[in-house]
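Paired with subunit B in one complex and with subunit C in the other, subunit A is shared by the two complexes that follow.
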Partner chain A sequence: MSFPWAEQYTPKNPVMVWIDEKLPLPRLAYNAVGAGYPVPRNLNYFWNFGVLAGLALMIQIITGVVLAMHYGANDLVAFSTVEQTMRDVNAGWLMRYAHANGASFFFIVVYLHIFRGLYFGSYKAPREMVWLLGLVIFLLMMATAFMGYVLPWGQMSYWGAKVITGLFGAIPVVGEPIQTWLLGGFAPGNASLNRFFSLHFLLPFVIAGVIILHIWALHIPGSSNPTGVEVKGPQDTVPFHPYYTAKDGFGAGIFLIAFCTLLFFAPNFLGHPDNYIEANPLSTPAHIVPEWYFWPFYAILRAFTVDFFFVPAKLLGVLAMFASILLLFFLPWLDTSPVRSGKYRPTFNKFFWILILDVLILGYCGGAPAEEPFVMISQVASAYYFAHFLIILPLISRFEKPLPLPGSITEAVLAKYGKTDGATVAVPAE
Partner chain B sequence: MASVEHTDSTGLPGEDGVRRRDFINIAAVSFAGVGAVAVVLPLIDQMNPSADVLAMASTEVDLSAIQPGQAIKTTFRSQPLFVRQLTEKEIAEADKVDPSTLRDPQTLEERTVDGKKQWLVTMGVCTHLGCVPLGAGEGENKGEYGGYFCPCHGSSYDTAARIRKGPAPTNLEVPKFSFTSDTAILVG
Partner chain C sequence: MVRIGAFLVGLFFAGWLLVSFLMGAVAYVSEPPQPTVEHEFHELPKHVSFSFDGPLGGYDKQQLQRGFQVYKEVCSACHSLKFVAFRDLEALGYNEAEVKAIAKQWAIKAPAVDPATGEASTREPMPADYFPKPFANNVAAAAANNNAIPPDLSLMTKARHHGSAYVYSLLTGYQAQPAALLKEFPDSKTPEGLHYNPYFANLNLAMAPPLTAEGQVTYSDGTKPTVDQMAKDVSAFLTWTAEPKLENRRRAGLATIIFLLIATGLAYMSYQNIWAEKKKAA
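Moving on, here comes the complex of A and B:
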């Protein structure tokens, strides 16, 4: 599970020796995120975002458990208990704003984490399982975030719930019974609110469980690195602790500064004012938008406006939206190039940035009203999104001539810092 | 151990393949499987609408205050219901359209009660993703076809509440209703 030169856990304190014999949990932590895990020596700051996502999950679980102590999961009181939390509960405003903005920051760091994986080819063999488990975490996060947004029982909560469960209603024949089953009624109501609360409380712990699998799967081949060249010997790695605990600690500091800036100076910047109006089943807000992190997918959903043969537009939009995420599960087999890092793939590199631009455009259109020119732009951008993964990427993998790869991680590091000698004697400082 | 069991547990000599122990094994595991499935059923069914939700009564609507060209919003099974009195012009516009050109072909007659063609009763739930379309209230956007307009994803309905443009797949649903007098209907 680790490289043979990994540092060994040798407890000296008799208490630790005793614990190690009975339940080797400290040993597990030492080998997972301590000095016992050798990591490539050349990781850049993009490798911070996994740890930051874990930090964001911790913030969400702690603030969430606290908020649940003050929340009433009943459609008659839900809205007012949230307002009570904001106004009357000691530091309740802090907990709620931290939870709401924490969700956004969780998605920010996870999107950057996915960006890192896409650019540096982290999804490729032998790390396919790490990628697949990461996507499972992403899907669970989206479900959790959606249900959490329903809980304050404001206008956006109610209408968001109606639109998203309406997606399932688009399925032929069984769609409507499924929608009614999900909601526990014909429209969102008390039954829906209660079950969403129950699941919103449960799923973060499921996410934590899948994260353990994600890290387990990562530690079998070990971490990837910016060159995409595999570790060849002890000179290519440094122990996770203290090298990357320090680097991640610095990243966590920057993350917390950014988080606190939004939390204390613009806590409603990413929210929607309509959600401060209590849910009203008889009045649809003029412009229903999901939270910003769903915008690219929402744009794909709305891009389908005409029927295609016998498939209604509504169903096409729903299928395309789910397909846009499920497609990523096939990515390790769509990109067949043996070169991992985008740094050494000139053609991939160009199309990669076009894809990023495309997703940003989709995001913008998803947040815009459903009118021209946004509908047209969403259609073109959605088509390009699918074309990138299904046509462009497999073709690039086949025809691209990659740049020469460095012989090893150490060689790349020394070349970068102007030393050509001593490649074999370079040893990490202890 | 296995060989000892094999000789001991063979049910009837001469019966090849199926041993007494195999049968007991499969039967026991299957029984537990059936039990597990039986437990899953109520766990799934508890999420369906409860009796109090299903027991919601039908809705009676008084039409006397609705002038031609006006509409009201009320609720039926906790979802919005639109009741609209069409003007002569709106009826003419709806009749002018050839139903075969529509996405969900229906005539105004098929969507209203015989002889009471001016009373259009529909659910106020867009058939796309369930938003409440605009057009029932005074001064609201009625869309390109003068009926209802859904602000969420831009579906436009005509004066017979039939889908004409946008992503919605079908016309606004007409619930089951009947006239209890000249100026009142019972929905449901």
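Moving on, here comes the complex of A and C:
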């Protein structure tokens, strides 16, 4: 894998030599995330978020396994076992708040990771498979997060489960049987809670497996970089360890500071108060909203208010919501520009920032009640979302005239530090 | 092929969304949405300050004890506190013997089984017991309260936006319906048996004003039991019942953040150190 100049694993300790002969696992780790993986030397801080997403997954798995030891997946006791964990389990409150906020931070870093991929064209050849596997991880995360939110069995858990499984009910003819099959009943109940718990425990390990494939696929072409120019020789790369392990260590510190600030000082800031009310099938909350990381998609779902001939508006909303994510799978073939990095694509750049603003507006509308003017705003914003990916992007990549690219990664780095002639005079960094 | 298909799908979704937008906009202009009475008259909670405000604030144990007294003498007649046990009261500064006495003297007895006959009976609560519920079940609760079930209060301050201030505002917010409201919305007169309160989501609340007169409880620490003071104290108490580990959490948080700042500073320095050569011009 990767480049011919990659450092080779040469164990010196006899124990490590012995292990390497029998099972070359240390060698695998060395080549994957150690000194054996050459990485472009010019990565910026946006390249930290992959490692941070891995860290967030580990936090979720560790806190989640502990929480599962104290949780009762039964609709009669689920809510009170969560409360007992908060009150009577040693550091139970810490595990619970870390898990709830950890989910949010997992999405924050993954959204920034996706943002990086979109802006710097990381999805383009030869890294299409990395992008596709990343989207599979994203879908699995959404399913896991949704089912996890049901487990505390609060009002939003219950009604969220009802609304989301109701989406399948919008499919003609087979919809309602599918919804009943998913829930194990006609409404969310003990059967739903049990299967959601089972799947919520399983899926993170599936995510971990797909992450291995994601990294494997990444190591075949090697990491992308902010210029989008491919690596041309050893001068363009540095070994992952110690260079990027050190940088990721600093990134992890910043991540943990932000995470712990919310976890310890505002643990309910991102949650909804209604989820501290036990699930009650007889009382519908005034506004049913999912967690913040689903808001943009929820806005697209609710933006369809008019039937299209025989297709009901609700079904259109469901199709559009799924389409809004599935279209990302086609991105490598929709954006045909040979230039990867948005830095060198003036037209793409403008539309890209409109898209980011658009998604933020969708997010705001998705969290707001389904009233005017939010519905009208989400209609325009959703229209732009689809137009951007499906119409504008293919056209831009056809007609845009990109800016001149640097000749190599090293040339770009040297230009940044103020020297291009390769002279030996040392100039202080920055 | 992919791009032609994408173009058509994009055109359909974007086009139909714009059609929906136009139809919505026409409806919005021709029939602007009518303001509702809740929109016009619902008020956000009042500003009120507590010892636990701010990132490092903690509970005032004296205040929590006073608030507990208000709960005991007023609220507990109708509202349960099912996630709180008598033993938890030690966090309010009571010692073991005092907690034992509080449990023993509690007005509502704990459910039990008569060891001789096996029939349902009651016994005096013990420190290990959770606060006994005032009603045997929801049917009994609804029957005794004009068909409204008094909610459990354990998590009330976390189950509402601006919880502590909300409880305080609700308790001190009862008033006569404003004349302007009746003029603008003549159909919205508070129904018989309900009580007008602008801090409640739908403005009319089944609970009668619980704190009505100064001196309704007698504080042993000499604090003047005004309605405002009692409301504030019980809001503080209910903040503790909802978040009993608040002080542990903030203390642990402070230590964690200090540790992380130092660790991140060191991580930054080693990052700079390792990269020093690479960040120079060659």
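Convention: the second predicted complex is superposed on the first by the 422 of 430 C-alpha atoms of A that agree within 3 Å, B and C clash if a C-alpha of one lies under 4 Å from a C-alpha of the other, contacts with A are read in each partner's own complex, and residues count from 1 in each chain.
As a convention for this text, a contact is a pair of C-beta atoms (placed from the backbone, for glycine too) under 8 Å apart; a residue touches a chain by one contact, two chains touch by 3 or more.
Predicted, not measured: the structure shown is a model, and the values here were computed from it.
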Fit or clash between subunit C and subunit B when superposed on subunit A: fit
Contacts of A:I356 with subunit B and subunit C, given as first, second, both or neither: neither
Contacts of A:P267 with subunit B and subunit C, given as first, second, both or neither: second
Which superposed partner A:A286 touches (first subunit B, second subunit C, both, neither): both
Which of subunit B and subunit C A:A68 touches, first, second, both or neither: neither
First, second, both or neither for A:E371, with subunit B first and subunit C second: both
Partner chain in contact with A:T305 - subunit B first, subunit C second, else both or neither: both
Per-residue touch tally on subunit A - higher for subunit B or for subunit C: C
First (subunit B), second (subunit C), both or neither touched by A:W159: first
Which of subunit B and subunit C A:S382 touches, first, second, both or neither: second
Touching partner for A:I220 - first (subunit B), second (subunit C), both, neither: neither
After fitting on chain A: smallest Cα gap, subunit B-subunit C, Å: 8
Doubly contacted subunit A residues - partners subunit C and subunit B: 286, 304-305, 313, 371, 375
Of subunit A, residues touching subunit C in the complex: 41, 80, 83-84, 86-87, 93-94, 97, 238, 242-243, 246-247, 249-250, 252-254, 256-257, 260-261, 263-265, 267-268, 273-274, 276-277, 286, 303-306, 308, 313, 316, 320, 323, 327, 330, 333-334, 336, 371-373, 375-376, 379-380, 382-384, 386-387, 389-391, 394, 410, 414, 417-419, 422-423, 425-430
For the subunit C and subunit A complex, residues of the former touching the latter: 2-3, 6-7, 9-11, 13-21, 23-25, 28, 33, 55, 82-83, 88, 151, 154-155, 158-161, 163, 201, 242, 244-245, 248-250, 252-254, 256-257, 260-261, 263-264, 267-268, 270-272, 274-276, 278-282
Subunit A-facing residues of subunit B, complex: 44, 47-50, 53, 73, 75, 77-80, 103, 124, 127-134, 150-154, 166-169
Touch list for subunit A against partner subunit B, complex: 159, 162-163, 165-167, 169-170, 180-182, 184-187, 189, 191, 195, 281-288, 302, 304-305, 307, 312-315, 317, 370-371, 375
